[in-house]
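Letters A, B, C, D, E and F mark the chains as written, and numbering starts fresh at 1 in each.
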Amino acid sequence: MKTPVPPGPDLDILQRIRDRLYVAAVCDALDKLGFRDQAMHHRLRPLLPDRESCGFAGRARTFRWMDIDHLVPDDPYGVEIEAVDSLRPGDVIVHSTDYGQRNAPWGELMSTVAKRNGAVGCVCDSQIRDCERIIGLGFPVYSAGIRPVDSQGRGRVMAYDVPVRCGEVLVHPGDLVFADFDGIVVIPRAVEQEVLREAFHRIDKESASRVALQAGKSLREVYDTHGVL
Amino acid sequence: MKTPVPPGPDLDILQRIRDRLYVAAVCDALDKLGFRDQAMHHRLRPLLPDRESCGFAGRARTFRWMDIDHLVPDDPYGVEIEAVDSLRPGDVIVHSTDYGQRNAPWGELMSTVAKRNGAVGCVCDSQIRDCERIIGLGFPVYSAGIRPVDSQGRGRVMAYDVPVRCGEVLVHPGDLVFADFDGIVVIPRAVEQEVLREAFHRIDKESASRVALQAGKSLREVYDTHGVL
Amino acid sequence: MKTPVPPGPDLDILQRIRDRLYVAAVCDALDKLGFRDQAMHHRLRPLLPDRESCGFAGRARTFRWMDIDHLVPDDPYGVEIEAVDSLRPGDVIVHSTDYGQRNAPWGELMSTVAKRNGAVGCVCDSQIRDCERIIGLGFPVYSAGIRPVDSQGRGRVMAYDVPVRCGEVLVHPGDLVFADFDGIVVIPRAVEQEVLREAFHRIDKESASRVALQAGKSLREVYDTHGVL
Amino acid sequence: MKTPVPPGPDLDILQRIRDRLYVAAVCDALDKLGFRDQAMHHRLRPLLPDRESCGFAGRARTFRWMDIDHLVPDDPYGVEIEAVDSLRPGDVIVHSTDYGQRNAPWGELMSTVAKRNGAVGCVCDSQIRDCERIIGLGFPVYSAGIRPVDSQGRGRVMAYDVPVRCGEVLVHPGDLVFADFDGIVVIPRAVEQEVLREAFHRIDKESASRVALQAGKSLREVYDTHGVL
Amino acid sequence: MKTPVPPGPDLDILQRIRDRLYVAAVCDALDKLGFRDQAMHHRLRPLLPDRESCGFAGRARTFRWMDIDHLVPDDPYGVEIEAVDSLRPGDVIVHSTDYGQRNAPWGELMSTVAKRNGAVGCVCDSQIRDCERIIGLGFPVYSAGIRPVDSQGRGRVMAYDVPVRCGEVLVHPGDLVFADFDGIVVIPRAVEQEVLREAFHRIDKESASRVALQAGKSLREVYDTHGVL
Amino acid sequence: MKTPVPPGPDLDILQRIRDRLYVAAVCDALDKLGFRDQAMHHRLRPLLPDRESCGFAGRARTFRWMDIDHLVPDDPYGVEIEAVDSLRPGDVIVHSTDYGQRNAPWGELMSTVAKRNGAVGCVCDSQIRDCERIIGLGFPVYSAGIRPVDSQGRGRVMAYDVPVRCGEVLVHPGDLVFADFDGIVVIPRAVEQEVLREAFHRIDKESASRVALQAGKSLREVYDTHGVL
C-alpha cells in the first residue's frame, strides 16, 4: 500500500515561501484557481508560542493511522518507527486523523528524530504530548489538542507515503504544506507554480490596499481600485 | 494480528436467550455484577421493521476497519472477503467503528453470504446500504445510519477476530452479543454463566412487580417488596 | 426545593385540544404572541408507532434528575418513587435532561403506574427502555433515544414539581404540554387561554388556504388572501 | 443572484431511473468515474413510511435560505412564495442548509402546491412540519428532522436556482437528484449520461453475483468472477 | 431589511465601563434583573494576547451573513463594504453566525478601516484571519477560531444594523457590548442604566468579600455577611 | 450521600511528584499496569499562563453538581460553601461535569479560600470566571472554557466527597490527581505506590533514549535498546 518515497524537496523555494508569503494569501490564490478546500480545519492550531516562528513550509510525508483497541505486544508501533527514521530535510509529517480522539501519536522523542533529520514541521489531526519539551526543541507542531497518553494500544501506523485526509483536506505525499499562525494550507503539486506566482502577485496588491486605507481612503474606494479585501 | 477463530457457538443456549430473556434484564444483571458499560451506544438501531424479530443472540466475530482516503485498485477490500467467507452458525458480525462516517461497510451481498453461512446478525458502527434488500432477506442488522456508498476507497478491513470497540463497548471475539429493540449488550465470556443466571432470576421478579402494579399497588409498595424497577 | 403540587387539570379542555388542534398551529399562535422558543428540540421523538395516537395533551409534572457516578445502595432512586406514585389524571411526566446520555430513566414499570394513575404521557430528554412493553401498554412517550440500561448509579431524581429545562424549553409545573407527530410544545400558563383562542382561529385560516390551493390558486394568491403558510 | 430557470426535465428518463435503478448502484457508478462525494449526509431521511415509494428522481430546483433573528412583518417569506409557484413537472426542491436547526421550512401547504405543479420530491437539510398531512398527500420529502415551528423570523429564502450545498453535497440547478430508502445522490449534468450507462451495467453484474451467492459460491469466488461487492 | 443606523455612542460612559467594571459583575447584575441569557457562548475568545487590553465596551453594529456556495463575481461582498465604511467611534462590529464554519469573515484590511473610523472592537461568531497583523494593529477581536480563507464564495453580508444572534445571544443594533478576558456580555438598551448601577454596587460588595476572605474569615461567614460569591 | 472526608495528604510525596515526574510518564506507567482510561479529556486545559507552573499534584476533593433551571433564593449554593470551607492542604477540587455548559462554577472568591486553606489546584469540567484575578492569585485551575456567569440558578452542589466523573475519568475522593501542561491524570489509590515506582523507572529509560537520539542513533536502534517511545 506504500508508494515510492517522493523526491527530496527544493529547500530554497521552501525558505523563500516561509520568508515572503503568508498562508492567507496562498488560500486566496488557490481560491482564484478554483481550489477552494485546501485550508485545514481550524481545530489544528500551532504549539509553539512565538506566533512568528510557529509555522513552516515543507513537503508532505503522510502517516496513515488506524484506531486499535488492543495491544500488539511484540510490535506496538507498526511501521511508525521505520517511517520516522526515513524523514529527510524539508519534510512535513502529516498524521491522518485518529478519529477516536483517544490517542496522542506525536511526542518528544519523535520530534527529536524529526528535527535531527531535517524535517521542518508536523501536523497531527489528533492530540500530542510532551509539549514543554517539544517547545524546548523549537520543532513546529500543529495539533487538535494535547493529551498525555501514548499511542500503544490506541492507534497504529499501518502505512506511510500514501494519500491521507488531515484536517479535512486530502494530502498527497510530496504536496507543499505551508503553515503560519492563521492555519495550514496544502498546495497540490500540479498547480504549485501557478499558485505561488499568484500569491506573490496578490501580496503586492494587499500592500497597496493597506497603504491606501491608512491614508484615509474608504474601503469602497480601495476595493474598487485594487480588488482585494 | 489475528487471533485463532473462536470455537463454534452453543446454538441451544443462544436460542433460549432469544426466546426467554430481554436485553434490559441482562443489562441489570451485568450492573449487579459490576459490569456497567456493556450496553452499546443508542446510535446503533435495528434495521428490521418488526420489533419482535429485529434482534439476535450470537457470538462476536469482530472486523477491524481503517479509514482510507485512496483506492487500492488490485485489492480494495483487504481481508474482508476472507472474513465474511469464514462466518459460521451463531456468529454475529461486529464492525469496529468507522469514525469518518463516510462509509457504508455492510450491504446486501455480505448479508446474503452471512445468512447463508448461519450467522445470526450484524452490528455496524457506521452506515449500511441496500436496506430494502437486507430487509427482504430478514437478516438482522444494527447500524448508526444508512448511506448509499460502498467502502472502496473509504475504509478497509485490516484484521478480524481481534478485540475491537463498537458502540463504545470493548468486544472480544467469542463474546455473547444479545440485541433486541431496546439495544445491544455484550456479555464478557468470563461472567457469562453468572450473568445469564442472574438475568433469568431477575425477569421473574419483574413479572411479579408487573402483576402487583396492575393489581393497584403503589410503586413504593412494589419496590419495597420486590426491589426492582 | 419542591413547590406545592399543581391543581388537577381540566380534563375536558385537554381532550378538546387533542381532538381538534395540532401542535404546529399552537406554535404559530405562540409565535404571534411573541413566545418563540416553546417547541422542544427535534431530538425528542414519539415511541408509539401509530402517528395519530402517538401524542397527548396534559399538564407538566416535572422531574429533576442529577447525573451520578456511584451507587446509593440503600436508596438508589431518590424521590423518583414518591413522584411517580403522586401522578394524577391529565399529568404529563417531564424529565429534565440527563446530559450524560448514559441513562434510561423511564421504562415499563413506571409507564404501568403512570397509565394506571391517569397520566397521559411522558417526555424524557434522555433514553428510555422496555420499549416493546410500553408500546404494548399504549402509553405515549417521547424520548431522545433508546438504551437498555437502568438509572441506578447513573442518575437520580433530586426534586420534582420544580421548573426544569427539557428539550431546551423551560417548563413550569402545571404548564400545558401538547405533543403530536410534529413534536412537543409547551404553553405557559399565563397565556394559555389567548394561545388556544389564536390557534383555533388559525386552523380555520389554514383550512381555507388548503382548499384554495387544491382549487388551483397560486401560493401568492392564497398567501395574499389568507396570510398564512 | 438568480440564474435562469433550468429547462424542463425529460420525464421519461426520470421514470425509467425510478423504475429500474437504485441509488447505491448510481453511487458506485459515480465512484468509478471519480465523483466520490455525491451522496448526501445520512441525517437526511425519508418521511414517507412506505420504503418502496419514499423516494424520487427529478431535477434540482435550489432554495437558498438565510438564518434570521427578527421578523420582517410586511414580507416574512422573501422570494419563497415566488419560487414555490415556479415549480414544474419533474422538479425536486432542494433547500440549502439552515444551520441554526431552529427552523422547519417545509410543510403541508408548500407540499400541496409542489405536488399540484408536478414536482416529484423535496430535500430539506433542516426540519419539516405538518408531517401527517404530507404523508397523507404522498409527497416524498427527506429531512434532517421534524419540528413544529414556522420559518417566519427564523429563516428566509434569499435566492433560488443558484448553486447550494445540501447534505454536504454541492447541487447545481438542473442536476439530477435521485433518492430511495438508502439515501440521496446528486448526478452532475456533465456526466449524467455516462453515470446512468455505468449504473445500468452495474446492476446486471450485481444480479449475477446475487444468484451465484445464493447458489452457494463463496464471496471470494463471486468477487473474483464479477468484481463487485 | 435595514433599520436606521443607531445614534452615536456616549464615549465617556463606555470609557468608564472599561476602566472600572468587569464583565462577570455585569452578568451578575443582569441575572439579578432577570436577564439570564446575555453572556455569549464561550467559543468566542479574544485574539489580543494581553489579557488586560483584549476587550472593549461599545455599541453593537450588527452584520447579517448568509452562507453561500457559489461566487458572485461582480459583487462578491454584498453590503459588507458599505457597512464597514459606515463604522463610527464607539462601534462594535457583531457578525451574525456563519454556521457553516467554512468562512473567515474578518481580517486585516477590515480591522484597519474599523480602527481608523473609531470602532472599538469586533465579535465574529466564526473564524478570522490575518491574525498577526490584527494583533499588530492592537484592534480587539473575539472569534470562534482562526482559519486562513476569505469570505468570497463562502458567505456574504445581506444586511446590517438588524437584530442578529451572535454567540447565542440576540443582539440589537445599539446594544451595549462589553468584553474582557472572561467573555462578552450584551446589555439590552431598556435596562442599561439599571444594570450599570447594580454592577457598580456589586463590585463594592465583592471587594469587601475579598478583603474579609484574605483576613481569614470562612466562606460561610463572608457569604452570610455580604451575600455574594 | 456524603462519605467521610479522606485523611490529610502526605505533602512530601506530592512535592516530589511535582518536582521530578511528568504526567505523560505516569500515564505510561498506568498503561503498563492495565489502567488505560485515567487521563482526563483534552478539553480540560490549564488557566495559568506559565507552562511550568500551571499544574499541581494533590488529592481529590470531589464536588457533585446538578444542573438547575430555577433560583433557590434562600440557599442558592447548596453545600458548596461548606465544601469549600472544608478544604485542607494538598487538596485538589474536582468539579463533576456540568453538562449543560451554561455554568461557571469556579471563580476568584472560591480560589481565594482554596489557596488560603492550602488546596493546590482545581479541575472544573465546565467553565470558570474571574480569570485575570485567579491568574493574579497564581492558583492552578484547569477548565473546559471561560464564561462570565455565576452558578446561581444554573447549577448547585448537591454532595461532596463522593465518587464523580470529571473529564470522563471516574475520580474517588482521595485519589492522587496530577496535572501539568500535557493534561491531568488520576491515579487510583490501590495502585498508587506501584504506579509511582514504575513512572520513576520509566523517566530514566526515556532520558537514555533522548541522549541516544541526540547522539545520532536511529529511532529503530533506540527503541530496540530501550523499549520506549
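By definition in this document, a contact is a pair of C-beta atoms (placed from the backbone, for glycine too) under 8 Å apart; a residue touches a chain by one contact, two chains touch by 3 or more.
In this text the structure is predicted, and so the values were computed from the model without any measurement.
Undergrad: Using the touch definition from the top, what's the fewest steps needed to get from subunit C to subunit E?
TA: Each step joins two touching chains, and the minimum needed here is 2.
Undergrad: Which neighbours do subunit D and subunit E have in common?
TA: Touching subunit D as well as subunit E, we find no chain at all.
Undergrad: A-E versus A-B: which has more C-beta pairs touching?
TA: Result: the pair with more contacts is A-E.
Undergrad: Which angle of rotation, from 0 to 180°, maps the CA atoms of subunit B onto the equivalent atoms of subunit E, to the nearest 5?
TA: Fitting subunit B to subunit E on C-alpha atoms yields 180 degrees.
Undergrad: Give the pair among C-F, A-E or A-F whose set of contact pairs overlaps with that of D-E by over half, matching residues by number.
TA: Repeated interface of D-E: C-F.
Undergrad: Greatest Cα-centroid separation from subunit E: which chain?
TA: The most remote chain is B.
Undergrad: Measuring between Cα centroids, which chain is at the maximum distance from subunit C?
TA: So the farthest one, by centre of C-alpha atoms, is A.
Undergrad: Shared interface numbers for subunit C and subunit F above half of all numbers used, same, or below, different?
TA: Mostly the same residues form this interface, as more than half of the numbers used are common to both chains.
Undergrad: Provide the C-alpha centroid distance between subunit C and subunit D, rounded to the nearest whole angstrom.
TA: 32
Undergrad: So how far apart, in whole Å, are subunit A and subunit C when each is placed at the average of its C-alpha atoms?
TA: The answer is 49 Å.
Undergrad: Calculate how many whole Å lie between the centre of subunit B and the centre of subunit F, each centre taken as the average of the chain's C-alpha atoms.
TA: Once rounded, the distance between the two centres reads 36 Å.
Undergrad: If I count partner chains per residue in subunit E, which residues reach a count of at least 2?
TA: As it turns out, subunit E has no residue touching two or more other chains.
Undergrad: State which pairs of chains touch, listing all of them.
TA: Those chain pairs which touch are A-B, A-E, A-F, B-C, B-D, C-D, C-F, D-E, E-F.
Undergrad: If we count contacts the way the header does, which residues on subunit F are in touch with subunit C in the complex?
TA: 1, 64, 66-70, 72, 96-97, 99-100, 158, 162-165, 170
Undergrad: Which part of subunit F faces subunit A closely enough to touch in the complex?
TA: 23-24, 26-28, 31, 36, 39, 41-43, 45, 51-52, 180-183, 185, 206, 209-210, 213-214, 216, 218-220, 222-223, 228-229
Undergrad: Can you check the complex and tell me which residues of subunit A touch subunit F?
TA: It is residues 77, 81-82, 84-85, 101, 107-110, 112-113, 116, 127, 129-132, 135, 145-153 of subunit A that touch subunit F.
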